[in-house]
Amino acid sequence: MKMTKSTLVAGLLAGTMLSTTAFAAGTHPVTGEALADDQTFTYRILDEHSSVDPQVVEDVSGAEIVRDLFEGLMNQDKDGNLVPGVATGYTSNDDNTVYTFTLRPEAKWSNGDTVTAHDFVFAWRRAADPALASPYQWFIELMSIQNAAAIIAGETAPDQLGVKALDDHTFEVTLSAPLPYFPQMTTHSTTFPAPQKVIEAHGAEWTKPGNIVSNGAYVLTEHLPQERSTRERNAMYWDNENTIVDKVVALVINDENVALTRYLAGELDRTEVPAGQFPRLQKEHPGEAISFPRLCNYYYTFNLSDSGPEEFKDVRVRKALALAVDRKIIVENVMAGGQTQAYSFAPTATAGFTPPTTEMATMTQAERDAMAIELLAEAGYDKSNPLKFNMIYNTSEGHKKIAVAMSQMWKQKLGVEVELGNMEWKVFLETRGNQDFELARGAWCGDYNEASTFLDLLDSNSGYNDGKFVSPRVDELLAAAKTAKDASANYTEVEQIIAAEMPVIPIYHYAGVYMMDSDVGNWPVNNVEQNWYSKNLYKIAE
Amino acid sequence: MLGFSKKETDRAEAVADNAVMQGRSLLADARLRFRQNKAAMGSCVILGLIVAFVIIGPFFAVWDHETIDWTAMGDVVGLGAPSLASGHYFGVDDLGRDLYSRTIQATQTSLLVGLIGAGMALVVGTFYGIIAGYFGGRLDGLMMRFVDILLAIPTTLVIILILVVAGKSFTTLFLALGAVSWLTMSRIVRGQTLALKSREFIEAARAGGVSDAGIVTRHILPNLAGVVIVYASLLVPDMILAESFISFLGLGISEPNTSLGALIAEGAGTMAYGTIWQLLFPLFFYVTIIITMFFIGDGLRDALDPKDR
Amino acid sequence: MLSYTIRRLLVAIPTIFLLVVACFYMMHFAPGGPFTSERPLPPAVMANIEARYGLDQPLWKQLWDYLVNIFVHFDFGPSFKFKDRDVNDIIAQGFPISLTYGFLSFIVASAIGVALGVTAAIKHNSWIDYFAVSLGIAAQALPNFIMGPILILTFTLWLEWLPGGGWNGGQWQYLVMPVIALSTSYMGSISRITRSSMLEVLNSNFIRTAKAKGLSNRAIIWRHALKPTLMPVVSYLGPVFVYVLTGSVFVDIYFSTGGLGQAYVGSALSRDYAVLLGVTILYGALTVVVNLITDLAYAWLDPKIRY
């Protein structure tokens, strides 16, 4: 029979796929390093995650777990580039409004079922469905999928969403408008497939260990809330033979100093570095203290709405305050973790866009201070007539240090008197969201690696524009950027307007600062979104 | 007269005149006993020294409590260590601010919080507990049920809610602390009042026609004094600790002001990083204040309780 | 006594009911809600979420639904923050943990505290007295939230004797540090109250009579002095028990035990109304029961007190 040879080959392949411990005490197939016997990766998370349901998860620690448990159409490699996931590839039509993904036939759920396009259709509809009430519904709308907005508003049924399973292994998406970075968005957890039968069988309990069925490299085997969660190798995963790490444990440790202590005691392989401790740890534990750029910014926003203070309506005051902040001290002494000084709103690490060098960036701090004093005096304030305002931040040791440092810089250089106020997270969000502040802290991590995820924040219609900055030109540029072939010119101009109007004070761009055990191999330090996958890691033998 | 010495005759006449017998008041007795208690007197002296330090200390300070010393900030472990030369007698905190001035300001705040908070709890709790315990019956039942309900509301919730709804300030801090601390005091006072109420000397007083108010003020209160004062002296550190818990949650005193609890929490976080002075100095003041309050409380109890010793 | 107990328990029900209502309204007063987030949700999305969790109903209706769910179905509802779990789960998982180390801490603190206090009082003014008093004072003066980092540094990093945190089903290695951290300061305060109370009792007339009658010291202490001594201690122990259970936030935060204290403070800060109310009811019921036991114990200790 013709099938004999292929069945033989299939059988051999199946045999290799099922052997799970091929790597223990072996060597890495690519780098040749000796692998440790115990391939368990243990890391610390700050707080208990909100969920492991891919369409519901909203926090970073949850997303990390979901990325290991489930797999979406595309993945990211260690540099952040798109690589095939469940989909082997995709094609799009001429005007980029219809994308067709080809799914690999060997992708399986952990219970043996094949992963089909229907699973993706089910998942994406589910994400948009008001009945699920997912906090990430808006992501489906952000992807510009046809009818998304109407479904979320409850005007149309979820089955009208622009997604279709042409057959078991072909998944087609129809967008309402072409979106250049759409493929990148398929690496996000909200777009991961969901096992319909399991969800219908177990309802809200489907994510509990024992019930949960996932299609990623790992399965959730243990979850002790506020203590730890464990995920272990999924033998059914299509690429299981290349997965080296057997088990991943996430330990919940609220206090970062205790986490560092436990790391030093050998209980963890990775933890965050408390602010200011990086230089010392670098010296004492060379090779273990690492720092790399992240796709997030940190800034303070002026309240430019009607309820905001009169002083801030004057651009000279805003510029003066922005100039007088010594970002070098903040980045090197207060944070001391390899963060970069920010003179633009979008981080320099953003793919496909280099923020323009602004005038402020090229001056020395002495020059900046001089200009600040001058501008402030022009506006009518100096040490004898001090500028007064309040600044708020949410409770955290790190934010407090930066706020205190900034207020001191302003006081010593400009005579400004600042009233500091910290508030708990929810109150802070409410206060800022109601424009009940004068100067408030802000930070943003990109939803995808493209400049619009940051610059859209300053669009006057944006729901996240708490400072209520309004610039018709910025709105125009950002709208045009959505459909432009190359939006860099638009983004550059937006950044220049930001530098001229100074609605926000950019402080620094994030760095991922961690203590990483030297036996952890292949940590994706170049992936600025820090989409890391445990299946790409390995533990080196000591 | 025959058979009597001059001394005895003089004394007999003096007795008749009611001239010599000058009784010592109870309070004077108490004061004397307190003064003889070496631990308590020593504690008073130390506490006095601390208060003096808080008042006079700022005159010797080179830095104020909020100014950042940028050079020290860059090298907290080295340049930030305590030294007379740099003017940072107690070293600097993690941000390069002078710990000497910050500790003074923190001690001020904590002392105020402790004393005012405990005072409020003492006054309100005692008043409430005596009335409930003394009058007993349904009034007692009602009052204590009310206390039970309030006690059942977890203190964290009350504190968080009061601070969150009324905003952060010194007054709301005292309000929040006072609101939760008088409850247990009232239970203890009520318990003791119940026990005292059935004693014979109270019966005797009632039989003698003393009014309720008189019994309460002249008989029950002094006998309560021992337990109440010891418990109140336990409250002062509790208030200081509660304030530090509030700071821990981010609801406490706003920067750049600080309290001992906040400083200690910061110091505990960095203690393994080579900056142990950030923990030791505030901890020293905190522990000293608390220990002195304990000894003073003990001394007061010993002094006011006539049956002891 | 029995009728008193029954009366108290009956009164407890409206007490807890009032507690729930009060908490419910207080919480909704606080600014911010469970779904206030860094990325403010678009109105359509927010509407969906509120409909799902019933937050779009008028407050009294929400309260009514909530009460019906609790008292009829014993269902405390879904958590607003932890989408995969409901409050029953959270409480069922966290309460036994808090209860275990809380109860152990309570026993340790009471036993050591009372023993220290009694010893100090008996040997009043001897070096044993001063030592015990100093120990008690030191234990109480040390703020409990620094015990966490200090213990972990000592036992996990330097001595390498104990794991740095976690619960692991309650194995003894995971209990040691939480119990030490939690019991220390209460041990100090209990010993001081016991000592001062015993000193008062030892100087009272009936003890003097017993001594005059020739009873041995041991008999005096055990048969006559102990009960009256314990009365103020018992009043103090009641709330201590509740504090130990509810105030164990530090232990949960530093030792990652997964206990209820953290669920509780965390839910207050993240406005997870369902969890907050659920845990409040639990703590409220606990407090009422503990207060009742305290009052009964009071009556047992002092025969003159009768309800």
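Lettered A, B and C in written order, each chain numbered from 1.
Here is the rule we use: contacts are C-beta pairs under 8 Å (C-beta built on N, C-alpha and C of every residue); 3 or more make two chains touch, one makes a residue touch a chain.
This one's a predicted model, so the numbers in the text were calculated from it and none came from an experiment.
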item	value
B-C or A-B, whichever has more C-beta pairs in contact	B-C
Identity of the most central chain, Cα criterion	C
Far-end chain from chain C, centres as C-alpha averages	A
Euclidean distance of C-alpha centroids - chain A vs chain C, Å	39
Separation of chain B from chain C, taking each centre as the mean of its C-alpha atoms, in whole Å	23
Mean-CA-position distance for chain B and chain A (Å)	50
Multi-chain contact residues (two or more partners), chain C	30-31, 149, 153, 157, 269
Multi-chain contact sites of chain B, meaning residues that touch two or more partners	164, 249, 268-269, 272
Junction residues of chain A - those touching two or more other chains	255, 257, 261, 424, 427
Touching residues on chain B, where the partner in the complex is chain C	145, 148-149, 151-157, 160-161, 164-165, 184, 187-188, 191-192, 194-195, 198, 226-227, 230-231, 234, 237, 241, 244-245, 248-249, 261, 264-265, 268-269, 271-272, 279, 283, 286-287, 290-291, 294, 298, 301, 305, 307-309
Contact footprint of chain C on chain A as seen in their complex	48, 50-53, 56-58, 130-133, 135, 137-138, 141, 149, 152-154, 204, 207-208, 224-228, 251-255, 257-258, 261-262, 264-265, 267, 424-427, 429-431, 433, 463-464
Chain A-touching residues of chain C, taken from the complex the two chains share	30-33, 35-42, 44-45, 47-49, 51-53, 78, 81-86, 90, 93-94, 148-149, 152-153, 156-157, 160, 163-167, 252-254, 256-259, 262-263, 269-271
Residue numbers on chain C that touch chain B, as the complex places them	11, 15-16, 18-19, 22-23, 26-27, 29-31, 137-138, 140-146, 149-150, 153, 157, 189, 192-193, 196-197, 199-200, 203-204, 231-232, 235-236, 238-239, 242, 246-247, 249, 264-265, 268-269, 276, 280, 283-285, 287-288, 291, 298, 302, 304-305
Residue numbers on chain B that touch chain A, as the complex places them	66-68, 70, 73-74, 76-77, 94-97, 164, 168, 249-251, 254-256, 266, 268-270, 272-274
